[in-house]
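After this come two complexes, each holding chain A, first together with chain B and then together with chain C.
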Partner chain A sequence: MDNKNTPKKKKSFLQLLFIKAFGTGKKKLSILEEEQMQGPVRTIIKNFTSNRLSMTGLIVFLLIFAVVIIGPFFVKLDLSYTETSQQNVNPGLDLMKVPSSLEGKVAEISVGPTYTIAVSDSGQLYMWGKTKITSTLNLKYVPSNMGKIKRISAGFDHILALNEEGKVFAWGNDRQKQCAVPDKVKELTNIVDVIAGYQCSVILTADGHTYFFGNEANNDYKNTHNYQGQIVKVVTTADAVLGLTKDGQAVYLGKQSNGYTKMPENMGTVVDVAATASTMAAVNSDGKVFVWGNLSERGEGKVPEITSKIVALEAGRYHYTGITEDGKAIAWGFDNYNQASVPASVKNSKVVKLFTGAYQNYAVTDSGKILTWGLKGYLLGSDDLGRDILNRLINGGRMSMTIGAIAVIISTIIGVIIGGVSGFFGGKVDIILQRIVEIVSGLPFLPFAMILSALLGNALSSNQRIYLMMIILGLLQWPSLSRLVRAQVFSEREKEFVTAAKAVGVKQMSIVFKHILPNVISVIIVTATLDFATCMLTEATLSYLGFGVPAPQPTWGNMLYGCNNSIVIQNYWWRWVFTSIVLGICVICINLTGDGLRDAIDPKSQER
Partner chain B sequence: MALLELRDLHTFFTTKKGIIKAVNGVSYEVEAGKTLGVVGESGSGKSVSAMSIIKLLDGNGYINSGEVIFDGKDLADVSIKDMTKIRGNDISVIFQEPMTSLNPVFTVERQVSEPFIIHQRMSKKAAAKKVVEMLRQVNIPNPEAVAKQYPHQLSGGMRQRVMIAMALACKPKLLIADEPTTALDVTIQAQILKLMNALKKENGTSILFITHDLGVINEMADDVAVMYCGQVVEMAPSRVIFGKENNYSHPYTEGLMYSIPRLDTPTGVRLEAIPGAVPHPLDLPKGCKFAPRCKYATDKCRNEEPALVEVEKGHPIRCFYPEKGVRANGK
Partner chain C sequence: MLKYIGKRVLYMIFVFFIMSLVMFFLYNLIPGDPARAELEPLKKTMRPEAYQMRYEQLRKQMGLDDPIIVKYGKWIGGVLQGDFGMSTRHKKPVVDLIKAPMGNTIFINIFATILALGISIPLGIKCAVKRNSVMDNVVQVLTIVGYSLPIFIITLVSIFLFAVTLRWFPVSGMNTPNFHGTGIVFFLDRMHYLALPLIVMTIGSLGGMTRYVRAAMIEALRMDYIRTARAKGLKEKVVIYSHAWRNALLPVITLIIGWFISIFSGSLVIEQMFNLNGMGKFYMDALMNQDYNVALAVQMFYMVVALIGNLIIDLSYGFVDPRVRVNH
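Let's turn to the complex of A and B:
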């Protein structure tokens, strides 16, 4: 077929869609042609689609709507989830962005909660991720003149480094003195390893001695433990220290007797140990892994059954990884950010070194490539409890829209019934109903809603409070709609078709709701649309003030709750900017749609 | 026996300024299969008397006294709820304004099928078939397409046909036509009248035809009732009223007749209009209601109210001087 000669008649689907959406393809009629007669619905749709602004509003709103309705099926929300290590993380997906210059010469990688630090073969320091801990504290500012770095360790909010000469450097948060290297340690010349934990630092010497500094109240450590002189490896949980002796025994280096001290028996010869935030693990010479400590539902204890032997262990915040003797990486434990799901690219290659920490995993393959999996970061940042704002925005949107929609449905039903009855029957019925309308519309909305939710709120469960919100909003929103409907019904009922309907024998109630109402439906739709926006805003206002939907359940309003102080506004801008923008855009789009609908239904209103 | 009989009907409206006696002692009959034409100026009570039959009065209107005997039953006592069963089923109405009598948001099909669904409990599908049949009966071209259209897509004549189709849907015994052709132009008017006559013959429906156009009455009615100020002032078979050898008439009927342009009037002669206007219903004159506008009025007329007296058989007139010749000489 020769495409060049065939005239271009058919428009592509996209073009048609564009024309439908923005109305540029309007056919011009000659003066002799008459416009095609159309039904009222088609006319309204045509008028609406030719209004670009409201059409854009509708499309944007539908997009937001689709995301918050479909999104939660993919982005699950765990209401009880909080994570101290992930508080107030800046927006961005750069937590695992390994510098390309590091490729092929990794000596060691150590992962902190929101940042990663690495040393190359030549002793050079690399750092990526979110290094800013507070507005004044940034881990990026490393001590000068460290020389060639040999070992590195990332703590919760501080970093320890050991250089070639055996000198220890520490920087970062020093509130618990975890960066204040004691004189005793400074005098040591045989340091082989540094371990940075949660507000604490541990130094390991070549002769098997350990030295501890930092927060001793939070970390269970006994300076005079029985294993001084035998330790070859030290790992830390969030509150305890575990050691490995040179004769292959995992030993607890604390004073207390707790979950960590209840070690499994018959572990045999332990070859490696690792520790998550609350559990400890050891692997013996047979490749068998033992996990103990404060095991939770996160699944640190669920060691997968594999045929090959595990030779080395690594641990993140809530998950473990290991390398088998044939160079395969395996992972188990908490998988909320896919940190325990080894990707196919890693499964298919031979792993030489594996570094795990927090929610990130770095696997160095035999070809020197660095493969990563786990948490990349938070697109819109995280909030004060370490929850992903994007996740809460999507799930909260669903709640906000549901509340708005149900409130509007309630208020529309009440408004239409009261307005319709009041308008059609008039007389005493009208007088009584209008007094009720006046009383309800006279209630000061916000104070009333606050008092109501404060009075009833404490006695109700979280879910019941959500229903309460819907009902309060619905019960206080209807007067304006009922007045509009009443006025419209008043004018419609005098028209001849109502008499004609009566003459045919239609019953009164069905005249009101079947014959008059369809004539008023345009007003109802427009008002309901605009009310939807108002309801969402009011819900946001109430939740923002703390009287709406209670805390763990997110809505766009209560995500802003607690963002009303200058510290958050200045330093953690992502906690309020994105939510406000989405809420704002959504409300503006609904209003644009409503206005466009009004214009489409009553084209004369544009001429006024 | 007559199908419909109004006996001394009084329909009043309460307003803030007082009680308006819109219909004040009206009696007339509609024979089965016949057409009664009710004529009168605006405000003479012709529409109100007809609407009283099926109680389609505005909120403040009510039947004060009198009887509405329809098919042997007094409708004046029937509740609104029972009335809905009669409306559209036994008695149908065609209104004056075909432009506004159809609900603008429904298709023709949806509206015409309503009486079938309400009174004959038909399914929507069956009713839709019936609608097409009815539309064809009222001579609507291409009824299948029209059924799917909205009222604003139809012309006035078409809409009135749709209204007639709707009114005749359940083959009512009585059709009240309240000035059905007033809003239409003359050619369409003629078509509609022809159609109504044909349907009347076909279905045996009685028609209560309300109009202020005597020409239309002449064409349609078997009997004529002339109304003025809420009362019947003259009643007669239409051939008597329009007959040339008619010796008796009410001066109002005479005035109405004179105000019609005729082909046989000589050139240069002006049409004779009735002077003045209908008195305000709250301020009715003493004596004969027509006296202030009557050119034959005497003092007796201004002080005493004449009764409806039968001057010939089946020809009652409410006047002291019903005889044309006597009246003219007296002047």
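Let's turn to the complex of A and C:
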């Protein structure tokens, strides 16, 4: 009998959950039939599932819940991650959207932090990605009459171009004078290359001289370095300049002595150099790669072992790529956006040219096709520290929900115990407990939570503050539940089954918690659901005000911290819009579920 | 009745002292040495021995070495005489500092309360009367959205819409900087600045209040006397406004009273976001700048307001509803 019943019950529940939500369930039974056939729990479920609004709320909430609980296993969160070059990037996945008209005629591609610029065989300029730098400055406003472009270079926030006649053009951010081409460069007629770095520009002439302009305080460069007249290639890190001489020597072009000057010895004849944001690399005629500079755990120095010779090097922000002599692309270094994982399509084709920069890689195959890998963009944009908002939204959701859930558990336990004891025993116990309830409910919630967090929070670590938040919320939330439970227990304790239990000699505590409590469980569930929404809201408000969970640990509340000024509200709208929407929808859904539950449990509201 | 009030007031005083003790202990957990902070500017001009002596003297004078219960006694004695100590940031008595923000908060909140009540009561009645109509369902969903959205999201959206995009209202502040009008011009300028916070406050409180009024009204409409009134052939208007609404008013009045009490406390979030010089912002600034005498005073004020509010609400139950006379 039991075995037969269980699967049937389950099926009917699923039916109710999914089919009835969309109004295709069975015919409604009359009250008598319904009550004859179903126990109270099933009636509640039935009532609940027939309420489409609250069912929708429950399903949407469960979806969000599933995403934020399962999501963090796939979208890993790196708490210490910040990236200056990726600040406030607009939402969109178009950072590697190569225009189809460029296919087959690429002369050069240069990658900037959030944009890419390319020049075709015919000297035509192409640009894609996010070119907006500030509200007034946009890199897509290229100077007119440049003629046929020969070389192009994308800097941090400016672009350098060299045309056929050897004339240099610069546009973009000019705050450090990186776009102000000096007169002595304008007079030159033998320019062969332009290199745009971080707030600086380097010009290379055919006779091996280099000229530098832009931010000299940040970039270590010595104007009268010993290698003037010998340089054939120049690359820049975020703060230094590396040159390659015509006799195959990698040389540092700055005046300081630092990590970059500690070059590996016995490099042999260097054929190519490249530089990430903080490291430099060189490959010699034997195909051996040397990496030096400020190596980090990101893995720029972990050159993979390969059998064939590397002939050319390229570098992104924190990763390197190279082409081997048989046209294979390899990559190593920081792999947070898969920029150092060469996809199979590239591995299987012969690469002729490889262009790498920031987090993007473009490989031109022998058939002229452009294959890309790396960071496509941020679906929901990035925040003021260059972190992916989608990633933080998922991970922050887990934190927000965990805090809400644990706070509710704490407050429910306290509320049930105090309400139950107070309601059952009455008398002096009740009076004392009611005074405590009065004290706690008399506390102005938000100010008191703020004060606790401000006073106790200073001495605590980031993790401890998260626990503190849970406890504060739990300790301040319970009075309303305890009052409800007390009132219910008051009415229940006069009933016959309690008298019977007393007569049999059941212990008082077990009468309260085993006999009476199951009768008031519905009130508890409804209140706990609604309290969960309140806790999430309060946590968000506290974190938003800066008194809750401290950064960098994301929650939906503290992701909105700092969004309260008109610049962010207008220009960086993605930093608050998506988080607000998700938080709003989530709380609305919980409230809908709670309201639906209350209606389903309370027979009075059914209006039969 | 009087006996009950007397008992409640006694409880209240008891609770007040317990709470103030807890608060005082909490604030005293903060590490810091006010005497050293006081002498810091003089440190360079004095010889070390003289400095040490002055320091010891000051510590004694300030009573820093007293046991905490003695310190509490001194402090609560001052509080009862209206002396909340000095603000370490402004170097002024807390009582003087608190006047301006409290005035502003009351000014803003009176408007907000009137607006919210003026909209939510008619709306709630209408929804209850036309229960399960399309309008009722729409309002139900909207009010759920209204009370589910945190107030700062409503504020962000309204700043984006009305201040940044449409440019109808200023983004923040209470007056045009360096404004020199008086009288009606000053008032109009102030209202122009306060319009957006008022809208946000009203929207924020609309959801919960409308639902509350609706629930009370539905409860009243379900009563037998309504059926009787209808059976007598009374006009629907009379039934609703005279019979039902009067009875629904009972729970609503307590809500209104509670609301009026909260006008003193101000909204932390809204005042912070619109940069309004009210109690909420005053409190936050004090917390942020570690001006703990001020924060403690505001906290005590909040507590007293909440306690008195609770008492008035309990008493008003009996006052407006003869059936619930409180005479335990």
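Everything below uses one rule, namely that the second predicted complex is superposed on the first by the 573 of 608 C-alpha atoms of A that agree within 3 Å, B and C clash if a C-alpha of one lies under 4 Å from a C-alpha of the other, contacts with A are read in each partner's own complex, and residues count from 1 in each chain.
We adopt the following convention: a residue touches a chain if its C-beta (ideal position, glycine included) is under 8 Å from a C-beta of that chain, and two chains touch if they have at least 3 such contacts.
On a predicted model such as this, the values are computed, not experimentally measured, just so you know.
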{"item": "Partner chain in contact with A:Asn591 - chain B first, chain C second, else both or neither", "value": "second"}
{"item": "Contacts of A:Ala217 with chain B and chain C, given as first, second, both or neither", "value": "neither"}
{"item": "Comparison of chain B and chain C by chain A residues contacted", "value": "C"}
{"item": "Contacts of A:Asn519 with chain B and chain C, given as first, second, both or neither", "value": "first"}
{"item": "Which superposed partner A:Arg435 touches (first chain B, second chain C, both, neither)", "value": "second"}
{"item": "Touching partner for A:Gly505 - first (chain B), second (chain C), both, neither", "value": "first"}
{"item": "First, second, both or neither for A:Leu545, with chain B first and chain C second", "value": "second"}
{"item": "Contacting residues of chain C [partner chain A, same complex]", "value": "11, 14-15, 18-19, 23, 26-27, 29-30, 141, 144-145, 147-153, 155-157, 159-160, 163-165, 171, 265, 268-269, 272-273, 283-284, 287, 295, 298-299, 302-303, 305-307, 310"}
{"item": "Chain A partner contacts - residues on chain B that touch it in the complex", "value": "54, 56, 59, 80-81, 84-89, 92-93, 95-97, 100-107, 114-115, 118-119, 149-150, 153, 163, 166-167"}
{"item": "Residues of chain A that touch chain B when the two form their complex", "value": "37, 39-40, 426-427, 495-497, 499-508, 515, 518-519, 521"}
{"item": "Residues of chain A defined as touching chain C within the complex", "value": "53, 435, 438-439, 441-444, 446-448, 450-452, 454-456, 458, 533, 537, 540-541, 544-545, 547, 560, 563-564, 566, 569-570, 573, 576, 580, 583-584, 587-588, 590-592, 595"}
